[in-house]
Every structure is written in C-alpha cells, then in structure tokens.
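The same chain A turns up in both complexes below, where it pairs with chain B and then with chain C.
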Partner chain A sequence: MPPKDKEILKEKEVLQAVVVDDLLSTDFPFSGPKGLLRLANVRLLDYTLSCLSAAGVEQTLVYAAQGSEQLQEHVRASGWGEPGAMAVQVVACQGSLTFGDLMRELDARNAIQGDFFLLTADTVCTADLRPLLLRHRATCARDKNAVVTLAFAQAEPQHAARTEPKQLLLGTAASGRVLAHQRLDPDARNLDLPLDLILQGPGVELRYDLSDPCLAVCSLAVPPIFSDNFDFQTRDDFVRGLLLNEDILGHTMYAHILQDEYASRAHSLPSYLATSVDVIRRWTFPLTPDVSLSQVDRGYRLDVVFNICKQSDVSIGRSDVEDCVIGEGSVIGDNCRLRLCVIGKNCVIHDDVDLCGAVLWDQCVVKKGFKKSHFLAPERTVLSKNNDKSISVKVEERMDSVDSDTDSSEDEGEAADEVDEYENFFNEVQDSLERGFGEKVNTDDLVVEINSSRFANDIPANEVSLWVSKVVLGLPAALKKPPKDVLAYFRPILRKYVGKASADHLNCLLALEEVTAEGPAEAAKMLTLLYQMDVLEEDTIVEWFEESAGQQLRQQANMRKFIEWLQTAEEESD
Partner chain B sequence: MRDLTNNKPKCLLPVGNIPLIWYPLSLLEREGFKEVNVITLDVQHAEVKKAVDKLGLKLDVKFHTIRESDDLGTADALKKVAIYGEWKEDVIVMGCDLVTDQSLDEMIKLHRTTGAGMSAFFFPSIPESTSVPGPKSKIRTDRDLVVLDKHNRLLMLTSAMDHDENMSVRMRILKKFGRIDIKSRLTDGHFYILDNRVWNFIISEENSDMSLKGEVLPFIIKQQFSHLNKVVHKESKVEPKRLSVDIDDEQETEETHKFFKHFTLDELQNLTDLYNGYNNHPDSTYGRYLDDRLRCFAIIAPSGSSFKVNTLASYCEVNRQILLAENWERFAKSKPLVRVDPSCGSKTKKIESSLVGANTQIGEGVKIEKCSIGSSCIVEQNVTLSGCIIMDGVTIKEGTVLTDCLISDKANIGTNCDLKSCLVDAKFSVPSKTESSSKILSGVLMSTE
Partner chain C sequence: MKSRMSQFTEIRNKLAFNIKHGNIQGSLEVAKATANFVDLIASSDGWTVASDLLKIVNDEGKKLTTALPLHATVANVLLQLMHIIRAEYYYAVNQSTQAVQRFVESCMNCEEIQEKKFSAQCPGLKDAILDHIAEYKTELDLSVDNITEQAAEQIQPGEVIMTIGRSSIVAAFLQAKKASEHFSDFQVVVAEGAPQCEGVKMAELLAKSKIQTTLISDTNIYSFMSRVTKVILGTNLVLRSGGLRALPGAHMVGLVAHEHKVPVIVVAPTYKFSSMLSESHRSDNETFNLLANPQGVAKFKDGIIASNVKVLNPMYDFVPPDYVSQVVSNIGTYGVSHMFTAINELYGAVEESAKDLKMAVV
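Our next item is the complex of A and B:
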C-alpha cells in the first residue's frame, strides 16, 4: 500500500460522504426517490454507494427529499450497513425540494465531522476517489480559503455523453482554481470573459471538454454556506454564488479533472439513456449488472460473445440480440433486432421487433413489428404500432455532432408515428366535410371541427393546407357530385386554409395532382375552377406547371391549353 | 525607452557592452545563415552600418533603407525590400532587439514538424516588479493575450489594450478545440518563421495592412478558422461545404479568398496527409491537425531564456543578467567573456562582476560592483558604482556614488554626487554634489527650468 493511503487511514475522524437524493426530473414517469430509479436494471443508489464504498468511505448519509422509507428498506435489503460494509444512514427531509434545501438540512443536523464527499444519487462514477480527497487536502493546506474541490470528467465537444442543452464552460488557473463557471447558450457566437480575470494571473485555461458528474469533496465550511445563502437551490447556484461573492465570502474552489476514468450523471432523460448505453458497453466496469452491486438486483450473467447481461429464465428466440441487459423472466420472440437495449423483468417482446437504445422497465409488452430507437418505456407499457406511449428523446439538441446513425433511425421512428396522425386527420376531416355537404352545415362550424381535429392530431400549421385541400378536392369523386357544386360550397374553407402564402398554394396544387392522379382529365377542370374562385393565382399556377408539375399533367391537352390561356392573359394584363 | 533612443538607434544600445544588434546577427551566424537582410531607417543607416561592420561577423549583411518620413509599418517595410519576388523557402522575420539562448535549429525543426504556416516565438515576460531607473511610472504596460490549444497551436493573438472590459472568444474555437489556454504573461519575441505561402501573401499587393503584429498576423491567425481552410483532396474537387451558416462566414471578405489563393493545392502534401497515420487529436473525429491547411503555432521558451529589449525594464534586466558568467555563456556563446578590457588603465582591484570597455580610465579607490561600463570612459578616484549601466565616453568625477543608474553616452557627472535609480541623458552634465533618486536628468528639462 502506498504511504499516501496510510495517511487517510490514520485519520481519526470517520470518512463521510453525503448523497443528496433530490427530486427527480419530471421527465421520468417514476414517483419514487431518485436513488431507486433503475439504470440498466440496477438501482442508481447502488452505483453511488459502491463507488463510495470502494473509496474507503466509512459512513454515508443519504439525504432524501422523498421516499425515505423505501430507500431505507432498499438499503437494508441490499446489504449495506451489515458488519464489515459501509454504514449507510437514510435521513428523511420532508418539505425539502432542492439540492440547496437538503444541504441546509444537513447543516441543521450538524452531522458532518470533516472533509466529505458530496454527490447526488444519480452520479455514476468508477473513478478512485481517494486521489481527489488527497488533492483537496493538499489544496486546503496551501490555500486556507479553499472549501470545495469539484471533480469533472473529460468529454470532447463531440462526445456522446454531452447531452445537456447548455454546456459547461470552466475557467481555471494553473493551480486548478476555478475562476469561471458558466453554462453556455448553444446559439451563442462569442464567449465574453472579463479582462480582469485574465490579467490577474498568468492566464486562464478554458475547458469546454468536460462533463459534470456532480461530484465534489467539501470542507466542513460548506453546509453553513448553504444556510447563509437561502437562494442557493442547485449546486450550480452554489458554485456561481461563491465565484460572484468571492470578495465577500472569501471562499475559493478548485477543479480536479478525472483522467481516463468514467464519471457521469443520469439526471435527465437524455443523460439517463446515454448513461444506460455506457453501462451496457461496460465503460462503467466494475459498476455493471453482472458484478452484483447489491443483494437486490443480482444474478446477472454475462454472455461475452454478444455482450448480453441476463438474469435467469430469459428466453431469446431466433433473433439478433447484441449489447443488451435483460431482466428475469423476459421473453424475446423471433426475427427481432435489439441493440443497446435495457429490458426489465418479465417483459414480452413479440416477433419482428426492432429496437435500438431502448429502455423498457418491468412487464412491458412490445407488439409484433414495432420499430423505434432511443426511448424509455415505463412499467407495464404496451407498445404497438398504433399505440406508442413511450417517451423519446430528441437527439438533435446535440450540437454540431453529426451522428447520422442515430438521427436517421430516429427519423424513421417518427415518420411511422406521423403517418398515423395524418391518416387520422384526413379521415376526420373527410367525415365532417361529407356530413357537412350532405346536411348543408355552415362552413364556419366546419372550420371549428377541422381545427379541433388538427390540434388533436398535432398537425404542423404549414401542412394543414395540403391535407385540407386533399380532402376537398377528393370530395367530388367520393360523393359523385359535379366538382363545380362541391368546390363552390367549400370555397370559404379553401380560401381560409390555402390563404395567401405561396407555400400553401403549392400544397394545394400538390393535393390536386395527387387527387387527380387516376383521372388527369379532371385536373384541368378543377384547376380552372380554383382559379376562377380566386383560390389560386395565375403566377403560382404557371410557376408550378413549369417547374414541378408531373409528366402526366403536362401532357394533358386541356391543361396545356389552360396554362397557355393563363400566360396570354397575364401578358395582356401587363 | 524613448529617453534612450532619442540619440541612438535602439539596435546599437549596448547590452553587455556589445551593440544589441549583435545578438540576433550572431545567433543567425551561429546557426549557419550566410546572408541577412537588415532593414533600417535611412537616417540611421550610416551609423548602424558602421557599427555592424565593426562587429567582425562573417555574415553577408545587406542593408535596406526605408524613409523615416514615410512612417511605414513592418509589413510595408517588408514589401519594400522583398526584391526577390516570390520566395520558395520559408522566411524568418525578427526584430533587432531579441536576446535569446534558444536554439534556432530547434525552432525551425518545430516549425517544420508541425507544418505550420506561421510559427511565433514567445517567452514568459519579465516580472512587473523589475526595478527601473527614472520616475516610477504608473502606466500599466500593455500585455499580449495569447490563446493556445494544448499542442501550442496559436489560436488568437491580441493585445489587452484592444479590449475594454471583456475579451471575446469565438464559440467556434471553443467547440473545435475543447480546451484552450489564454496566456497573459507571455512576451512576443517578434520572431516569426513564415511559410513561403504566407510570406508571399504578406509581400503581395493583396495585403493592404501596414502593421505586421497589429493587423497582418491576427488576420492570418484568424484565417485558420475560415471554411476555406480545409484540406482538399484531389478526388473530391468539390468546394468544401459549410457545416453551419455562420455570420463570420458571410462576412468573409475577398481578402480571405485572396489569402487562400496562395495556398494552392499541393498534391504531394495531400498524399502525405492522406497516408500519414499520425493524428495529434486522437480523441476527436477530425484528421490530423483538425484537417486544417493553414495552422499557426507558438514556440514557447522557458522563463529567463530570452529578452525582448523594447522597454527600459527589459533593457536594464538583460544588462543585469548578462553580467553573470553563466548567463554570458548562454547569450553570447561565441564571444569570450572579457571582464576588463586590457587597454584599460585600471588602478583599482575592487571590480566585481562587471564589464569595462576599451580605453576606459579608472582611478584609485574606485569600487565597481555589477556594472557594465562602456569604452573611453573616465572614472575618477573614490567613485563607487553599483548596478549601473554606463555607456561610452562618460566622465564621472571623484567622490561620486551611483546606484542602479543608467548613464547615456558622453554624459558628465560632477564631483560628490549621489544618484540612485536615475537616468542621465546623453551629453548631459550633472552638476557637482547633486543628490537625486528616481529622476530623469536630461538637458531638455534643464533648459526649460
């Protein structure tokens, strides 16, 4: 054992850690405490506690904003606190909501004896924390004002782990002292740094290649700072507050960059999914399901060839499954393709399913032919083509990183959903217009109906004109009435939805082309009607005909005649 | 510095009793250069040429003069003297005021390994607390702000004076490099190794900027982030695509296009890039050197290894430093250290760590400590000198005590004076029994009194 480690052991005081279990992001369909959220089928708290235990922490205090009984029960069941293991104490803090509240509670209870590790229940870290503690102590010996050493992991700007919309920028001095801490607006062009900051020392190192696992070593002085500053709610508030009031408070902070070690945080849905993938890919080893982090979620065996971590009673059909974690009693059908998925207990996956980067909690059912990627399905969800209650993540928020694989596959998934919505919308509008024409309903009332089904199906504003035109122009054929009567009746509706924008006019022409695809002879007739009724303008029609009209329509004699007539009319009017 | 350069060209100020220009010239000579082009003002040409001829260098020194009245910037001056047309080789541009112990060979090697378009030489600035003769000025000296990546790639070069309260860094740079370092305590050695393509741009008509440091170099450094600065392979003759619409791109002037015209497609270089397995950014999705054609690098020397003699403080500091035998060894490699010139008529033995020039007379009972004294001076008896720089032809009358003073050419100091941290102007006579500290003693001031 190196002599430095002995120094730690010699300390008389108990080495403590505080795990803050603040409220879970509302992204998650989970009502329990954060620590009991499952990441790759293992509770988040067990990742955190394993890391602390490995660092030689003797006592861990879990400050829970909610669900302390459940946490207590889990801690007992998973074997923490047994003789020889790290002591874990769950502290219930009713009425505390934020990180700051829990820190104030910590201060009020006076439970801290010396330097302690401070992290949140969603921190996943495999780094050895002892060098971090030694570094903090060395810093404190040098700089009496130092109170915190923040740990960061490295992640280049294109890294997949950077899921935050506002990315961290850290400015440090050569000594590691934190001089600036900002979350940058993704659209910002420039970063402005105070000149004084740069000139006060030999320079500033700007780090835009870090991810923040919310892990720190704090001195005894930290909890009282939270009590003194009631406005500190998050840890970022705390860091920024210390920097801003450095002159008044006189506290300094230092940064420690974890080299080649894994540390991240699963606090939002994107970061949860990204961290899941990291666990599956075993970047977090030894914090992986097959290592049995606790006595609760255990019994995972690793299939080394395909990197599948599964419990007993898992049945996989003739399917292509790779890089997955699969819980007890789950069944996977034939001809499926699963990649980087976490599947909970007793899930049923039918045939022909294609999932990538999916997280299914317990007892989910995936129906035949379902295809989607990067989403979370809460417990007992039934996923089928027509009924998709899963929660997806938009990966596009990530900056410049061009990850064509994930982007395109996600688009496919969305396109599949959209088709359903558009079909719904089309059918609903057609029903109400047919009924409206038969019963001579006022067109204003029809507009209300169209709008309500538009919002129900979430149709983008710029596409409404296309679908409404399609319905109206298709009606004469559907009702077997002369186009002139039908179009005349629905003229107010067309005028309303086709409007004046040229994009809408093009949509209308597109719809016309589609509707008359089988009988191009009708096209010229209807176009003439639309022109006469002032729905479409001659410029748009001519432009469309010359640039984008289909071959079939171009060859129509009537059509050509009409266009020629339009052109001459235009010239005359000029 | 103005007080010293009124009467004497800067490049002829003595450092360790040798004119300043000897240091860069001997450096070049040592490293095997055969020919050096020196640009001077026309009014100083004769004086400089005479002094350089006396130095006994084997180099072929060619002089070029520019008219003082034209008030030209460095870039303009380079254009005036670029008589050879387009060059095929890399070019070194340096000021006459660099004193360094760094190996030029190493710098050139670094320039060539990185394939840099421009390499600039930096070293840690001398501390601000360095004592200076003359009144204590409260004017904060300007600082260079040098932005580097972890491989010492030069990303920005500005001066603190150019910014008001904030310094603005483009997000593009941050996103591309991830980790950047803003240094505020580096001195630009005004020593640049320029790729011939960059050089040809600077001397071409297309470059309209006057100042090398203030305009041309920042422009070149900025071009590293232009969308035109991408490696283009022969297979894909398509114009490089812009990834995102950026205002900076839209504002990209004709100048950028003119600049990259000099960067013609080099097929051999492209092949080398293509088949080279080396990548200095292994973690990124980019190729080596982030797929950039033009790249600027900084060469950073260790602390105390170099001096840029453009302020009074650095002038005094370098003179102080060079008196130590080991420093002399470093900075003036080829010249043996001669403490007291044999032609001196010295009647005292109390000369410590000092330099005394030719034909200087030193009287009895004189104590000299850590001084450099020029040639043809007369130091009368019982004078005490400590930490002084005394130029040529100075007369110091008996009983005078000088501490940390700077005495210019042919000054005359009366009997029993006591001067501390004073600067005495050329040809000025200090009356007897003057007691003064931290003052500039100058004829101009006296006449106004």
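Our next item is the complex of A and C:
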C-alpha cells in the first residue's frame, strides 16, 4: 500500500485525563462519592472538570470507587460531556477502593493512549495545565526513562494551606528530576537524606515550601507500574516506590513547581476548610461559583463591595456579612456577624449569630446567639448553644475569628509566651541540677548552665533568685534525698543567686513557701538549714515571718519555735 | 428532563472552546464568530416563525454566555442580532418603512412590543433576516476601518495624548493617524494599567509604528495630565448612560482629565455598546464587576497575606458619563449625551432587551 494510506490510518492523539475518585475520608459526614462533595456549594468534580477543560483536555475518565451512577447523573445534568466539548466518562470500579486499586483498574481496561493528566477528584487547581504537559513532553524527549512529572504548588511554612501534620520535603536536581521525597514528622529532630543526593552536581534543591495538590502528567508506562506493584495503595506509595527502585527499574520522576498559580486538595477536613476559604477569597478565580464552574448557570452573583457570592432569593437582615458564599433560599437574621462562611441552600440563621470560617451544608438552622468558628455542619443540622453537632477543626487563630479582638489575643499570646519562658527556665535548671547532683558536677559549671538558660529564656534579673530557689528547694523532694545533703551540695549556688539583696532573700522565702505548700512541716527544717548555711539572715527571716508569710506557715508550731529561737539569738548577738 | 442538546450543541461547544483557548483572538474576531453562529441558526431549517427563531437564539445564546462568562462581546452581539430579527419581523408584517419608524419609536414604549408575539407567518422573512445579518457582518468587518478613518480629524498635530492599558482599537486608531500625514507629529503617554500592566505592551506596539511614546506608572497620571491635550481610551463596554466599563484605573484617568478640562475620547465599535443602563441602575441579573484572582496583586504563597489579608483585584472600573466627552465608533462619533438614543437603536428599549438571555452581562 502507498505510504499515504498509512498516514491516514494513524489515529489522532486525544489528550486524556484521569480523575481518581477514591474513598472519601471518614471525617466527612457525607456518604456519596468524593467528586460530589460540595466545596463552596459546588461539587468538587466540577472544579476538576473545569480545570481540565480549560487545559484543552479532550477526554476525561473518572474512575470511581463508589457512587458512579450518581457521578454519571451529575455529569449529565451539569452539561459536561456534550458533543463538541470535553468528553467525560465515568467508570465504575467495583471493589476498588484506594488510589492504587483504581489505577490497576485503569491499566486493566487499557484506556490510555499516551501522556495523560492524573488528578484526584479533590484537586482544585486554577493553573493552566498546558505548560505542565509541554514540560513533561520535553522531559520525556530528553530522558527516556521519565515516566511522570509531578506538579507542586508553593506555600511557605506557616501557610494556612499546609494543613497536613507531615509536610513534604522535596529534593530535585537541576533538571527537575526528583531525588528525594519525604513526609517529615513535625516532632522529628533529625532528617535523614541519602548522601548521593548532594553528590548529584550543582543545582540540587531541597524544598520545604511546597504543597502537594496530587496533580501530575503521566506517560503510558505508569498504569502498568501499579499493576506490577500490588502494594502501591496511595499516591505516596507510588512516588516512594519509584524513587526506591530507580536503580532497578530505571523509571525517573520529575517535578514541576507551579509559579504564581493556585493548586490544592480538599481531602481532609482541615484542607477542605482551608480550600473553602481560598475559594471565597477568590484565589481560585475563575473557578468560583459565580464564574465558570459548569456549563449551567447556577445563578450566583457576586456583590463586589462585600464579596458576597449569592444565589437568588437570599435574604440578609441588618447584619454584618462579608466574604461569604450563600445558597438560594437562605435567610440571615439581624445583628449577625458572618465572615468567610459557606452557607448552603435554604439555611436559616437567626439573630445575633457570630460565625467565622464556617461551612454549613443545606438546610441547616443556626439558633439565636450561636457563636463559633472553623467548623463544618452537615445537612439539616440544628446548631444552638446547648446542642452543637458541628464538626470542629483546629485552625490557627485568624485575626478576625470569633471571640477575640486583636488586642486581647495579642496579650494572651504574650502572656502565654511569658509563662512558657519561666516554665522552660525552671525545667532546664531543674534538669541541670538534678544531673549535677547525680554526677557530682562542679557547682561553678552548674552556675554557667543556669546563666545560659537564664539568658536564653530572657528571665529578668529580679526573678532569677525566685526561680533558682524554687528549683533548689524542690530538689530534695524530687530526688528523694534528705534536704541536708541536697542543700549542702547546692549551697554555693544558693549563695550566689540569693546573695545579699533583701529582695532576693524575700524571693527565696517565697520560693520556700511555695515549695513547702503541701508539706509545711518541712518548711521549718529547710529554713533552719538555710539559716545555718548563711544563705538567709535573721532580720530578713523575722521580718518576713511577721509580715508576709502565709497563714499556714505561721500556724506551724515548728516555724514559730524557730522564729522565737531566732529572735532570742538576735537579742543575744545584739 | 428536557434535553439540553440540540442540533447546534456541537457547534456551540466548539465555538466556546475556540474562544476560551484563544484560537479566536481579540474582541472583533469573537464578535464575528458569534455573528456567524447566529447566521448558522437563522439559515437552518429549525424554525418557521420569528418567535421560534428568537427562542432558539435565546436558548443557545444563554448557554454560550454561560460558557464564556468573561466575554461581554458575545452577549452584545447576540442581543443586537435578536433586535435585528424583531425589527425585520415588524417590517415584514407591516411592509412599510413608516411601520419600522414606529417600531423604532415604540422601542421607547415597550407595551407595543409586548403585544407583538412574533408568531405571524411571513414569507420572505427568512431571507430578509439573513440579508440583514449579512449586512451586520459586513459592518463588523469594516468596523476597524470606519473607526480609524476618523483618526485624522480627531487628532491634531502636536497633540499629547494619554491612554491607559492596552487596546488594539486605540492602537490602530493612533497608528492610522501616524500613517496618514507624514508630518503629523503627536506624542502618546501610556499609563501602565496595574496590576495587569498591559500598558507596557501598548507602548511596544506604538513604538513599533514610530510613534513617540512615554510609559508612566498609574501614580503619575495626575502629574502628567497638565501636559496632556487629549485622552483616548479603549473600553470593555459603553453603557447606555454613556458611562464606561473599562479596565481598573480608567476612572482615575477620567477624573483627573475632567479636573484638568482635558477631553476624553472613547474609541469603541458597536459590539462594545452594552444594553446595561449604568453601573448603579441595572437588573439583579446583570453583573457589573467581578473580583478577579488576587494573584496579580499579592502572591498566594505568602502565607501571612493568604491567610489574613483580604486582597481585592476588581476586573473593571466604572467611568461616569460626566468624564466622557465623545465616543468614536464605526457608526460615527457621538457626544456622550447621545449614547442613550444610539444604543436604543441597537437593542430596543431597556425593558425589551432585559428579558433576553436573562443572564449576567459580564
């Protein structure tokens, strides 16, 4: 046959994408498939499909672990998959629950023809995916072993978008090849990196400022990798597996960092709430309810002045509402304060309600006077002060959260820090002295340790004596040794810190009082010892006893005896 | 459930795709493509009476504008063509120019329109409509030329002209003047138009045509205005009131020009004339402005900003009719106070066109 016919027979390559709709986290009070979870009142699947159709994808395959009929119905009703537009096919996979299982189904069905986008149903991404695809193709042309290009979004540490407890550490070579991929335990103090990471040549980057939106471009070789490795359940397994077996199988991964573009996931409750807020704050524009999230006009219109995105038939009373998405038929009463809220359809919010960062699904009722921030209320919940069935999420306090005007929260923050510093100091000194006593360390060295602790925690000079005394006087109980031995050993320390100033002596006495609060009988004994060691002087002790000592101590027989003896001693020496 | 699909679905989706992905670039091309789409519908066999045709155009139009929410030109062309269909129907039914005159006048009084159901059979209506649409398309093709012809009268030698952002029609306008008389020297001051900063590209375009160009930042608009003799603006929409919906910063330019008694000329072809009345007087369905992605103003990766600061990046600015002197369009130059009449001729009365497409004219 002439070569011309061969050319005609070659199939036109169709740009494909695979959306993996694996099992929804059990945090969510929602029984449907992940793709139908509502984010800012719009189904997650709509965000994903919008992003893909904007990239010019011609065929999207949605692999669903459950609820495929519901997904199919939604796709049809929303106008996705019409002729001339992107084709959307929902594939039901019985018995496949995890990401890995669904990928194995994909391999089994042989539906992939070339490079394809791989996302999960909870990925929300406004980035233009075409440069990602071009980069992948360029990489594959250069490196025959490249199988996947992972996309990462930038979010510096402390960013609200970083909701996972274990954050990503990514190591890349100058070419973008992934050299290391670890999820770091926040409590870990050590980091293990393979040495050959550093030996890869100039331009190696270690990045801790990335978030993983579960977005990638894969080549044809990827689905078989899942079939070959039955233990690959999550996407992280896949990435780690590829890295580990790089020498054996020869597959390489590349990373593409999105510049100035938004991409995130809404897979866990904290990330769901964070992504909701991002949608409200317009970071996901044009994927916002009022613009281009589906083929059907939902009727959301944006009030630009107050950033309220609402459907028709919403009535808001005399309230302070800003930065909200409100579904149709909802009613908001008077005197409310709503910030960064997503309110579903037909909700009723009564007067005097104060909400921040809340997500209410359809038909919720919030009773008068309810105040809360950062929570999710499932459908038809009734929220009131006594009966609160919402699901809270621990979120770092924002500036405009409920029940904190900025001033008081700053003070609280500072106070909290102060208390921590003293506690820190106390603990550090206690540790040093306990160890010092056990190992018979020279007290001069211990003094050095105490001083460095003091400067590290920024303890003011007039309070050092108080805290050091507390530690020393508390040691006999802590070490379970007789006070005589302990105090004798630490005498130089006491003498140094308690010194000559009466303020310091008073501090020491205060410390004594505190330490012996539970066992006042001990107080007299210790006081005697302190006097005998010349740490404290009669005058100060007597004065203190008469004026500022607590009731308990004054009533102690031993104490009284001791003070009397002191006074007679005074008279004698005078 | 009624099917959303019709014989035009595929073509409509392909059109939306092409416009969205920049295969069809520029508002003129978008206008032409939309006109072609309506032409296709009118030429098809799917309708016999005018009301059928209006319904099909309305349905398809609504879906098209939903898929292209950020392209105002699409909505404008659709509404203008629907008005043309009504006008042709009225003419065909009454067969006299006086009737058409009354039709145009009755646009002010929509009760007459209400009574007309557009359902009478009119032989020859289809041909008349197709002819009129063809005329409309020719007008579109000639729109740039018709506008640039007027450049010679509008700009005098030695003028200092200010503009903001990038507008291809304004660039064509200025280039035409430069090309017309060899010794006509005029200067252009381009304000960058933050945060998009398209003014930079505009300055490049003009410099390529050997026009003396100065690029300034928006904050310097006031200080430069004392040297400016004329302001020429492009716009996204011209409203019925004569006000504009233009890029952010345009209001500021208009305000400063007004204070310095500098005339403001707006260059806009008819497909940018909108049936929206004014920023403050519009139906709930019509959206005037949107908050776009804050990435232009601040970066999402900055955690402090992203979590705590409200970053506003409005898409458009409203320029009140007081700040506009003239509108130069392909159907002539209008003083701002005549815009209402001019737009009524394109769309019919406010009430009439508001019912069409029942959509947000974004």
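Here, the second predicted complex is superposed on the first by the 377 of 574 C-alpha atoms of A that agree within 3 Å, B and C clash if a C-alpha of one lies under 4 Å from a C-alpha of the other, contacts with A are read in each partner's own complex, and residues count from 1 in each chain.
In this section, contacts are C-beta pairs under 8 Å (C-beta built on N, C-alpha and C of every residue); 3 or more make two chains touch, one makes a residue touch a chain.
It should be emphasised that the depicted structure is a prediction, and the values quoted were computed from it without experimental measurement.
A.B. asks: Is A:L193 touching anything from chain B or chain C once the two structures are fitted on A? First, second, both or neither.
C.D. replies: A:L193 contacts chain B only, not chain C.
A.B. asks: Between chain B (first) and chain C (second), which, if any, makes contact with A:A161: first, second, both or neither?
C.D. replies: second
A.B. asks: Pick one for A:R207: touches chain B only (first), chain C only (second), both, or neither.
C.D. replies: A:R207 sits against chain B, while chain C stays out of touch.
A.B. asks: Given the touch rule stated above, what does A:F285 touch, chain B (first), chain C (second), both, or neither?
C.D. replies: After superposition on chain A, A:F285 lies in contact with chain C alone.
A.B. asks: If we overlay the two complexes on their shared chain A, which of chain B and chain C does A:L169 touch? Say first, second, both or neither.
C.D. replies: first
A.B. asks: Report for A:V542: first if it touches chain B alone, second if chain C alone, otherwise both or neither.
C.D. replies: neither
A.B. asks: Regarding the shared-chain residue A:A87, is it in contact with chain B (first), chain C (second), both, or neither?
C.D. replies: In the superposed model, A:A87 contacts neither chain B nor chain C.
A.B. asks: Which partner chains sit in contact with A:L184 here, chain B, chain C, both or neither? Use first/second/both/neither.
C.D. replies: first
A.B. asks: When both complexes are superposed, which of chain B and chain C contacts more residues belonging to chain A?
C.D. replies: C
A.B. asks: Touching chain B and also chain C: which chain A residues?
C.D. replies: 156-158, 209, 399.
A.B. asks: Over in the complex, which chain A residues touch chain C? Could you list them?
C.D. replies: By the definition above, chain A touches chain C via 54, 56, 77, 79, 82-85, 126, 153-161, 209, 260-262, 278, 281-286, 290-292, 295-297, 301-302, 304, 307, 312, 323, 396, 398-399.
A.B. asks: Going by the contact rule at the top, pick out the chain A residues touching chain B in the complex.
C.D. replies: Interface residues on the chain A side: 156-158, 169, 184, 188-196, 198-199, 201-209, 399-400.
A.B. asks: Any idea which chain C residues touch chain A in the complex?
C.D. replies: Its residues touching chain A are 1, 4-5, 9-14, 16-17, 20-21, 62-63, 66-67, 69-70, 284-285, 287-295, 299-304, 306-308, 310-314, 359-360.
A.B. asks: Which of the residues in chain B come into contact with chain A in the complex?
C.D. replies: 124, 143, 145, 160, 163-172, 174-185, 243-244, 246-248, 283-285
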